[in-house]
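Same chain, two partners: chain A is paired with chain B first, then with chain C.
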Partner chain A sequence: MAQTVQERAVTRGRALPVTGTPHLARKRRLFWPFVLPAIVLYVLFLVGPAIVTVALSFTRWSGAGTPRFAGLEEYRQMLGSESFGYAFANTLMYIAVGGIGTFLFAFLFAMVLRDMKASKLIRAILFFPNIVAPVAIGMFFGFVFRYNPSKQGLANFLLNLVGAPAAKFLQPESVVWVVIGALIWASAGFYITILMAAIDRIPPYLYEDADLCGATPWQKFRHITLPMIWDVVGIAGVLWTIGAVKIFEMVFVLAGPGTYLPPNKTWTLAIYVYDRSFGTQGTPEYGVACATAVVMIVLVTFLVLTLRWVMRRERLEY
Partner chain B sequence: MLRLAGRTIIWLFTAVNVLLLYWLIAASFKTPLEIFRDPFGLPHTWFQRGQPFRNFLYAWNQAEFGHAFLITVVLTALASVTIVLVSAPTAYALSRLGVRGSGPLTSFIAIGMGVPIQTVIIPLFVGMAQLKMTNSLVGLFLLYVAVSLPFTIFLLTGFFRTLPEELEEAAALDGASPLRTFVRITLPLAKGGMITALILNAIGLWNEALLAIVFIQDTSGFTLARALFTLYGAATYQSEYGGLIAGVAIVVIPMLVLYIVLARRIISGLTLGAGK
Partner chain C sequence: MSNTRILAALGLATSLALTACGSSGTPASETGGSPAQQADGGEFTLPTAAAYFNTSCPSVAVKPATDKELTYWSMWTKDEPQGKVVQYVADCFTKQTGVKVNIQWLGRAYLRQNLVPALNTDTVPDLFDQDFTGVKAAVVQAGGTQPVDDVLDMKTGDGTVREILPAPYWDTPAAKDEAGKLFSIPYIVLGDAWWYNKKQVAGLQAPKRMDELFSLFDSAKKAGRSAVALDGDISYYGAWFFEQAAARYVGPGGLAKAAQDKTGQAWKADPGFQKAAEYTSKIGSYLIDGWDAAKFPQIQQRWADGDADFLFMGSWGPTETREYLNKQGGGEAIDYGSFQYPMPEGATHDVIEVQEIGFSVTKKAKHPEAAKAFMAYFLNRAMLAGVPAVADSLTPRKDLPVPSDIADLKAALDDPAKTHMLFMDGLDGIAGGKFTEQVLFPADNDLLKGKITAPQFVDRLAAKTAEFWKTQH
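This part shows the complex of A and B:
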């Protein structure tokens, strides 16, 4: 608290005399030497390239020679491409369906886990997939959902065991659902943990009061839990969106052979960017790739702002 | 009734997770026949033949996996330490010196967390190629450090804000210079936060694949995640399913060990930003 007051005093008027100022003034000389290395790297490797990407999206360039200005031509080409259509639709699917699935799942678990004894252990087990490489998760599920009459994966093995016919899960038409399932499975632990941390901060007397009034679990969730953790739900939604826009490795290895690109029906925007720039076939089209990258930035920004607007409300005091 | 159903579902789901992990580790010791015929049984064929680690040896020698393992260990360690060394002073300066503009500058850096790598990768590739830094582990190291800064700085500013100010003031009264105070007083106090940052970065870089795919072409420079792609193709082609799963296990097991030791620190570190 003292620090924030001091901070405010210092930021308002530069050399405002607060206790310990000579020392503070000397300390402040550390600012630029401390901040500069990180700022330089940040600008050189992230801010600068982001600006260059926007500029390159208005040019035609294959990597050799100099980029030629092309106006909106690369955007037109991108929008006309069938692969881009698939990539855009799939990315939206992952964000929306995967997001809704993950949050429903996380809410359900958070509701029940609240008064379970082994809650910490279960949370720790469900969290683990979050620190496993997406490539490894993709390959793992690729193996689980394998279709091959003589060498079935785990899923088809179980289907056969109960007498059901084996299914070709990893066909371009259905692999999107496998990826969504894998995403929900892998991310649920993270969102359960975030929501549970917020739920743990709710004063228990609210639930005790509700119990006295004979509230059902659903009523308690709807009128106590949800309003009390609303802000955290909003932040979790933003985190999900940022993560889901860049889905790449999981689709790459689940839908394809791993060494080259999967069929274009399964692509995401991230895979489309990769294909136009570093894909193995044909000459690179950096303009189209950069235009798609711009679409990714615009999409994230738009979704995050919309989400914040939808989730806005007055602060709850308790 | 409803509660019982909910609990049953949660226990079932948790059990499935444990079972999948068991399946992965068991299968990495099995022959393809055992994997497909007896997915839940214990491995025995390779044990009976006296070469229990046969699958791991196959994976280790394919796609220079063993070499990739060493590269990844060294690269991950060096990059994580460098990231924290660069981020800690920045986070301290932004959160504790009360310099005008610190707030906006912090937000400006935090935005970097929301930028997908794909949106900067083309200029990065072109620029690095001009500096002859593509297909180079030094180049990959630089990229890893730079792209990890926003998250790490954001995480550490949170830690520095929670530190008490009194000790710093006492040191200043005793005549210690600001730099000395930072190194001798503040950094040791922030040790917990810095270790968390170190671990989270190590996990992230251990699993990183996109930059490694784009920037490294020679097998001799492959990282583990990159080598896994190649192993996937080769092992599928040769029907070496045990070797393939052993490869996945080689990537997963170090994380599992780390997680068993440090689960609480990892979970709280990764979910920290969201709670505030």
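This part shows the complex of A and C:
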């Protein structure tokens, strides 16, 4: 089936004449006037700054004066920083554990939502946290996980209700897990929406056939849903990875007081970049910040390529 | 980091006063003096917040000869009390001199986000303000300021700056660059203290020794309350206990010196650090349950609710907690009392922590003359009165009445027997704050939680300090 599509595309390509009709000639004349502004803006605001970021990562610069070439010194500074170690490890944890949790959650709903009544309403409700600002969600969970023996937050209130002792969720040793939970809660709806949009395109007769054969929801998911939406799962995985590398607000607000940086044990790479740019008490260290940004770009590129490679598979057409 | 918190607190803390100063407007008149506040016989009474904005503009003692305008980048926002005071003084200055003051209200984070990047350009302000630590670390070290020593001899209208500002508030390394020149002239003073509610801890005598302090803590526990409140998610609040005790052993500059010792052995060389750690460890056992899972400002609110007897906090503590109680309703009010950290056994340095916010002039300023004249004018008593009257904050002047809640603290700050020391001895500015972030705060947190003992704490500081400096430029 895939080959058929490819052949069709090639045929279409061949059908385009080299010289073309007057209509096509006019189209070609319009090509650059339409594309050029986009290219200029893209280069100016994305490619250019990215190149400058890489260049600055090899300099020492406080924002004032001229950047001074420092070779790999800023990278050495970054790698020697304990805070960077925490930030890197936490970012990987948010990507991996948060990603696994989010997709398990999304798959769980994908298994049951298709057959549920009021499926669209439930999807809308699940999507809701995604439209709330992460800062607000972080503040909200700050109240939910409050530890105060005389006035507990909702989580500890429920624990006490079932006779369990209250837990100090927000202490630095455990707040990373709370943030992961909050991320899953806030993000799952977005990925459920993407996966369900793909699931809705699966021909119903496949499920009808499976029903006639007496398949369980798990079997239907394993043998119909998952193979049919595999490409979309891959794209969703890429989106999650790119988003998770940049996690900032939720950690900033939930793991700290909100007015300044949280304890360094809870940092992410994005927080580290912020601290070295604007959060420091001294002169900004844009060299280290840019080196970290380069690490983030390399990390996301590596993870995305790995993910695409792991999830590579011949595309199904239906 | 701590200063970000301090400055954010200032903004929050004074919102109560906002309601009272909503009527800030144009200066009332252009006559000299400030008769509204000058009672017969020269006694100066603090105006109400509303009355301040009707204060007559005092005449200027120093009129810029050539400058017709100046640009000021402000750490305040236009609508907060300090911003309103600054705007009023600027309006008065314009009326009296004809010099237009162009103010950009940029908020607390502008130093690194706006000013430092602008130093590369010619678009810099003439005048700007921030706390000493922040300005020194971000702008002075980048060569972005010019000396303002000449402001000391400028007239304010009621004396020269040198005459009206006690020397400890400006003759300090914290206000000077590497060449020993002043880079800032202060107009707001911040301090810290143990705070308590006089209604809850009746008849308290300020403890002179640490054992007396611990007796007070024991009394709180006996009464069924927690002894000490602490929002542990603000790391430097927790580090105060160690740093206050240690500073009394090693004196001003001692902590900073140890932190900058590349071998880390300075922490072990002076036994005062371990003794301070022992006191800190003991204070840790008196902390309120849940301090280590805190979400600021929940724990200081619990103190305001009476769950704990004592709170070690900056001079903004009363206004923050009062604001909370007012929002809660119910008419609860605290009768604030405060005392300084007692002298630990064997300590010899009677220090008091201070942080100051002042005006500075950029190196590339186009109108330095006007900027300096404005700095002097701002310190005129009638003008500076807006700081305590509207913003409920302390000033470096001795002859301005002080809001009653922070009067004890001001008396301690003005006490000549006490030696001024920069907040945290400037530890939070060392290596741009990275030292406290990576070395002191994590170790201090573990000490307070009882995860490590005092000797282990000192060993860890020594090892981590050496490790830290190996990775620095």
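Methods note: the second predicted complex is superposed on the first by the 275 of 318 C-alpha atoms of A that agree within 3 Å, B and C clash if a C-alpha of one lies under 4 Å from a C-alpha of the other, contacts with A are read in each partner's own complex, and residues count from 1 in each chain.
Criterion: a residue touches a chain if its C-beta (ideal position, glycine included) is under 8 Å from a C-beta of that chain, and two chains touch if they have at least 3 such contacts.
All of these numbers come straight from a predicted model, not from anything done at the bench.
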Touching partner for A:82 - first (chain B), second (chain C), both, neither: second
First (chain B), second (chain C), both or neither touched by A:220: neither
Chain B versus chain C as contact partner of A:114, first or second or both or neither: neither
Contacts of A:49 with chain B and chain C, given as first, second, both or neither: first
Which superposed partner A:278 touches (first chain B, second chain C, both, neither): both
First (chain B), second (chain C), both or neither touched by A:123: first
Contacts of A:73 with chain B and chain C, given as first, second, both or neither: second
Partner chain(s) touched by A:258 [first = chain B, second = chain C, both, neither]: both
First, second, both or neither for A:170, with chain B first and chain C second: second
More chain A residues in contact [chain B versus chain C]: B
Residues on chain A lying within both footprints (that of chain B and that of chain C): 63, 143, 150, 257-259, 277-278
Residues of chain A that touch chain C when the two form their complex: 60, 62-65, 73, 76-77, 80-83, 142-143, 146-150, 168-172, 255-265, 275, 277-285
Chain B partner contacts - residues on chain A that touch it in the complex: 2-3, 6-7, 10-11, 14, 20, 23-24, 26-31, 33-35, 37-39, 41-42, 44-50, 52-53, 56, 63, 108-109, 111-113, 116, 122-136, 139-140, 143-144, 150-152, 154, 157, 190, 193-194, 197-198, 217, 232, 235-236, 239, 242, 245-246, 248-249, 253, 257-259, 269-270, 273-274, 277-278, 286, 289-290, 293-294, 296-297, 300, 304
Partner chain A, residues of chain C touching it in the complex: 1-5, 8-9, 109, 112-113, 116-117, 119-120, 133-134, 137-138, 141-144, 231, 233-235, 289-290, 292-298, 302, 307, 428-429, 431-434, 437-438, 441-442, 445, 470-473
Partner chain A, residues of chain B touching it in the complex: 2-3, 6-7, 9-11, 13-14, 17-18, 20-21, 23-24, 32, 36, 39, 86-87, 89-90, 92-94, 96-100, 102, 105, 109, 112-127, 142-143, 145-147, 149-150, 153, 161, 165, 169, 172, 177-179, 181-182, 203, 206-210, 213-214, 225, 228-230, 232-233, 236, 241, 244-245, 248, 251-252, 255-256, 258-259, 263, 266-267, 270-271, 273-275
